[in-house]
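Next up: some structures, all given as structure tokens.
One chain, chain A, links the two complexes that follow: it is found with chain B in the first and with chain C in the second.
This part shows the complex of A and B:
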């Protein structure tokens, strides 16, 4: 009897380490002689550095090095290299590193960092992407034209535009001519924090032979390797990166930031091992943050509610440096319409420089933001046309035969089944049984819904490798580069492998951490693509191992490999399963009774890179940016207290087309966790800036997060429309729970209060203001 | 991470504590008393205070009592907010302190520390203001017992070297009708937009506030208005609002305008629950 592995809720491989507190994270690593680094940061959002006085810092016993940006002038960042790891000449955000201290003890480094005296000359501050967009806005990057470009990026020198993506589909004149109804809306959301439980931490050491060893809390160990190699001219193979378990990341640990600093710190003390650990405050503002958006949308539809035109402007708040904000702004252009069939689309999606902390990828990668904007627009349109909000979405739901904003033609495999998700959601939240809005004295219950879709926007050659090593007892070690950030991917990959090898998943070993020296490369653990990329590599490696087992067994058993099957720990004749041989007799090579041996250790190898992706045409956006879309429908039910405008989130629901659910418990947890994050930042998370651009809430006592006990009832369900290129048909689901939550919350509260809520976070004060300002 | 060195002392008697303070002060060590320590850590991490020495009061027996003595409830300054609300000798105080910070922090934060702290909400003082509690203070000149109204004005007014030992509350107050509201920006944990504690004695409603201004207060003028039988509830609230002792706060929790709206709402709820009877 062969145990099925796919579709089962097997527990995480690292369960025992985690529940007993023995799991090791980067900050748990200590070694004799380890030095500690701390950074001094800018108290200004935009200023010229006139001078830096390090003398007081040097006076403290135990200080080993104090460095500034001049120590190793280099510009980092991808796709656009615009950021010095330590500021040079200019600071562009509150919290930007201006100097770094290395000392024997962490507190000595901190004490010294506080004694660094910097003289600044203040510059005018750009407070928002809209301000940055104005003709006469102060220019934050004077040398934008000179910055080195990796990947596709279209900065506009002389402005604050770090990237512009254009979508030009169909004919707008035609679209507006055919529109019987039009609506216009502006939607904004501020920058916020990733707020992972584990703070960012990195350790570096440069060995006498020039080898660089880095430990880091990261989603991108292989990108760290490349970035350190390129920035500091070290041969790639001499940079070795270790990533143990990561305690939450949500995109925030895909950027390379601490790693540059800790490398420089180690270099400044002759290569000794140095650790750099963020405080919560620095993790929130000095390291990169969640992007903000200011969006304008105009939609047009026919009398029947068929959308025929969309004009969209996205101004993303990329902050002081562009990092992945560039790519997020592109992603938000690629999927700008939401999952709706619209023939005429004009979109400009811009990543703007501001004097805010810089943004990097955040779970959903531009989609929670674009979805809030388009889904508020959809509700407004439904209202204008007097259509049920779900009805207008069903009517316009994109599907096979339609084209996307980038003019990709859809089929059932690459887009899944949105109408089915909508139908299932309808039942799940009793849409037809109860009114959308129910009034009971000063309490109003209301429902809000939305749809979403998301493709990935990876480099066109993003890929992964995997190695399957058989042990002498028939058990297997799986080596791969997917980082365990709490999502359960490494365990789920062993399920794919067990399914393909038709063996017990408990016989498969996988380490908790990643080591770039021994594990095959995986682009990054981002974009909800690890199960797809690494999973395909794992299946190929499994097939390779199966072929080796069959080849050896065919000699032993006297059948051709094609007549053999592998499963249940045996290789056997297809037509007579009782004729076969145990896998463990083959995995180290088969030894005949006379001692002769054939074959050798069975080591399967596999790799996979995404085929058929193209860059986007810079003028029209035409192209194929990613392999498939995960679609879904979501809902939120709130209970608003009209006396004080406080509200309770009663229910939150998601129905998503997962292609194939590999581990139901992981899938449900992953989607629920995403929903919780989405509701948290939609309802309360935001950085508060004062007039000078300083951030006022750099601690979790004033920066609010949803807390345990405040969660609604979570309803999660799946549709399974296979994606033919995905392992067992799976689609990406890691980020998607978050995407529609802000939109569904805003829609539910707008319905409840009867006034449009087009801004995040939706605190009771915001609702009060919306009501107050509307009368 | 606290980025400086400091000395730690843990005296086991009041006298020893006072002497230590005097001695350390003379040595120029800028000593501070503490009990739970959460605020020391808060401010020291931010490099906002630099004590050369800290004096931990938690081993002083008098600071750890929670008992009835004749007609009085006596609470030591080092009793934690968790213990105070679990034992619950003073229901209004329990309700007030259980809304401060979160459970983990309340296991450390003490009533003395909350009242004497620099963080300006100091919500634990509200029930003490309403019940005219008395405060036992130790200092160089020995012990003294004074009315809370003599030492608490916006914040505790202790002289150098003095510390709060005990809080004494007349038993008669503990069973009076009361209400307590804490309104936050959002969620169940965090600083207040408005905290209002109120009780009713001899048909008169007493109210005290935190979060409204940059300090907690009880205002006799406001109470006069709120108890004026000639006024409607709306009039009472409108008139009370103009008698606030300082400008209404604007901070990360909310703007002054919104706070005023919430304050009025909260006053109205308090009055409707305590009026009549």
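This part shows the complex of A and C:
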């Protein structure tokens, strides 16, 4: 009997390590003689650095180095190199590193970092993307034109625009002419934090031969290797990056930040091993954050509710430096309409520089933000034409034969089945058999829904490799570069391998960590792409190993390889399964009774890169940005107290087209985890800035997250429309639970109070203001 | 010039059943000492401010956030960390329900829940909520943790069936 591996809820490989406290994260790995680094940060959001006095810091015994931006002037950042790891001349956000101390002990480094005296000359602060967009706004980056560009990015020197993506599809005049109804809306959401429980932490050591060893809490070990190599002119092969288990990241650990600093710290003390660990406060404000958005949307539709025109302006709050914010703004242009068929689209998606912390990838990559905006617009439109909110979405749902905003033609494979998701959601939340709004005294129950789609906006050459090594006992080691950040990918990859090798998944080992010296490269563990990219590499490696097994077995058994099958720990004759040989006897080469041996250790190798992707045309946005769209429909049910404007989230639902569910428990947990995160930032999370641009809530005591007991009832269901290029038909699902939650929450509360809620976070105070401003 | 050479003090404490004596600085937190001096890295730092619960341990059986307790305060006390709870039914329940993703908050949740179970084996939903809301999990929706926790507590009425039907 061959155990099926795909579609089964196998437990995580690292289960026992995680529950017993023996799992090792970067901060748990110590070594004798390790030095500690701390950063001194700017107390101003925008200022000129007049002078830095390090003398008081040096006086503290145990201090080994104190450095500033002058120590190694370099600009980092991809796609746009605009950020010095330690500020030079100017600080552009509250919390920006201005100096770095290395000392024998962490407390000594911290003490010294507080004794660095910097003289600043204050500059005008740009508080929002809208302010940044004004003609007379202070310019945050004077030398924008000179910055090196690594990937496609279109900054506009002389302004605060770090990137502009244009979508020009169809004919807008035609679109508006055919519109019987139009609506306009402005939707905003502030910057917030990833708030992974594990704080960012990196270690670096430079060996006498120039080899650089880095340990880091990262989703991108292979990008760290490239970034350190490029920024400090070190041959790539001399940079070795280790990423053990990561304690949550949600995009926030895909940026390269701590790694530059800790490398400089080690360099400043002659290459000794140095650790740099963030405090929670610095993790929230100094390291990159979740992007904010100020969006304006105009939609037009016919009497029947068919949408014919969309004009969209996104002003993203990218913060002080561009990092991945500029790519997120592009992603939000690519999918700007939501999953709807619209023939005439005009969108400008801008990533704005502001004097806020800088933004990087956040789960959903621009999609939770764009979805909030477009889905609020959809509800408004439905209201205007007196259509049921689900009905108008159903009517306009995108599908095979339609084109996307970037004019990609869709088919049944590259886009999931949205109408099916909507239909299933309808039943799941009793949309038809209960009123959308029920009033019971001062309590109002209301439902809100939304749809989403997401492509991945990956570099056109993103890829991954995998190696499958057979052990003498017939078990297998899988080597690959996917980082285990809690999502379960490494375990799920062993399921793909077990399925292909038709063996027991418990006989497949995979390490918890990634080592760039021994594991084949994987682009990054981001964009819900690891199961797709690494998974395809794993299947190829499995096929390679199968071929080797069959070749050796064919000599032993006297059949051609084509007549053989592998499975259940044996290689056997297809027509007579009882004729065969155990895999164990083949995996180290087969030894004949006379001692002669054929073959050698079975080692399969596979690699995969995405085909057919193109860059976008800078004038029209035309192009193919990513391999496939995962689609889904989501809902939230709230109970609002009209006396206090407090509310309880009663239910939250998601129906998603997963292509193929590999591990049902993991899949559900990923989706509900994403939903929880979306509900958390939609209902309470935001950085609070004062007039000078300082952040007031830099602790988890004042920056609140959803806690145990606040969880609603979660309803999750999947549809499986295979994506033909994906392993066993799978689509990305890691991020997607988060995408529609803010929109569904805003829609439910808008329905409950009868006033449009177009802003996050939706606190009781915000609802109260919305209600009172409307009368 | 002031002296920065820190004074250190000897303390003795029982950790997971073993008596340990170490020297600590007055300002060292118990979390720091457990991790750096005793090698017990299962307790994690998540905020150093008592906000997130990833560092939760038991001191004399009661859950304490070890990031806001000084090591010198633990002198003579009985300390239990996640490393000492390998046989806890809570830990087994977390395995059974796969009630973790990244695993970083997991030790804190298990320790806190174990502390509650030892004191109130029949804790009701409300009590469980009040105790466990002191820990944060960012990966999950708390649904799985709730499922795991449910299995280890015996509801009062089920645990003590009474003959008089009251």
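General remarks:
Keep in mind that, in the parts below, the second predicted complex is superposed on the first by the 775 of 775 C-alpha atoms of A that agree within 3 Å, B and C clash if a C-alpha of one lies under 4 Å from a C-alpha of the other, contacts with A are read in each partner's own complex, and residues count from 1 in each chain.
We adopt the following convention: a contact is a pair of C-beta atoms (placed from the backbone, for glycine too) under 8 Å apart; a residue touches a chain by one contact, two chains touch by 3 or more.
Here the structure is a predicted model, which is why all the values come from computation and not from measurement.
After superposition onto chain A, partners chain B and chain C are found to sit side by side with no clash. Touch criterion met: A:765 reaches chain B, while chain C stays clear of it. Of the two partner chains placed by superposition, only chain C is touched by A:62; chain B is not. Once the two complexes are overlaid on the shared chain, A:279 sits against chain B and chain C alike. Of the two partner chains, chain B and chain C are each touched by A:107. Shared-chain residue A:688: touches chain B; no touch with chain C. Touch criterion met: A:697 reaches chain B, while chain C stays clear of it.
Looking at the superposed arrangement, the partner reaching more residues of chain A, out of chain B and chain C, is C. Chain centres taken from Cα atoms put the angle at chain A, between chain B and chain C, at 40 degrees to the nearest 10. By the document's definition of touching, of the two partners only chain C reaches A:199; chain B does not. Shared-chain residue A:707: touches chain B and chain C both. Of the two partner chains, chain C is the only one that A:677 touches; chain B does not reach it.
After superposing the two complexes on chain A, the shortest C-alpha to C-alpha distance between chain B and chain C comes to 5 Å. Of the residues of chain A, those at positions 107, 111, 279, 701, 706-707, 709-710 touch chain B in one of the two structures and chain C in the other. Residues of chain A that touch chain C in their complex: 9, 11-12, 14-25, 27-28, 30, 59-62, 107-108, 111, 195-199, 245-248, 250, 279-280, 485-488, 665, 669, 672-673, 675-677, 699-701, 705-711, 714. Residues 106-107, 110-111, 114, 279, 643-644, 646, 683-684, 688, 696-697, 701-702, 704, 706-707, 709-710, 763-765, 768-769 of chain A touch chain B in their complex. Contact residues of chain C toward chain A in the complex are 1, 4-5, 25, 27, 35-36, 40-49, 51-52, 54, 81-83, 85-86, 91, 94-95, 98, 100-107, 110, 129, 132-133, 135-146. Put simply, chain B touches chain A in their complex at residues 1-4, 45, 47, 183, 185-191, 251-255, 258, 261-262, 265.
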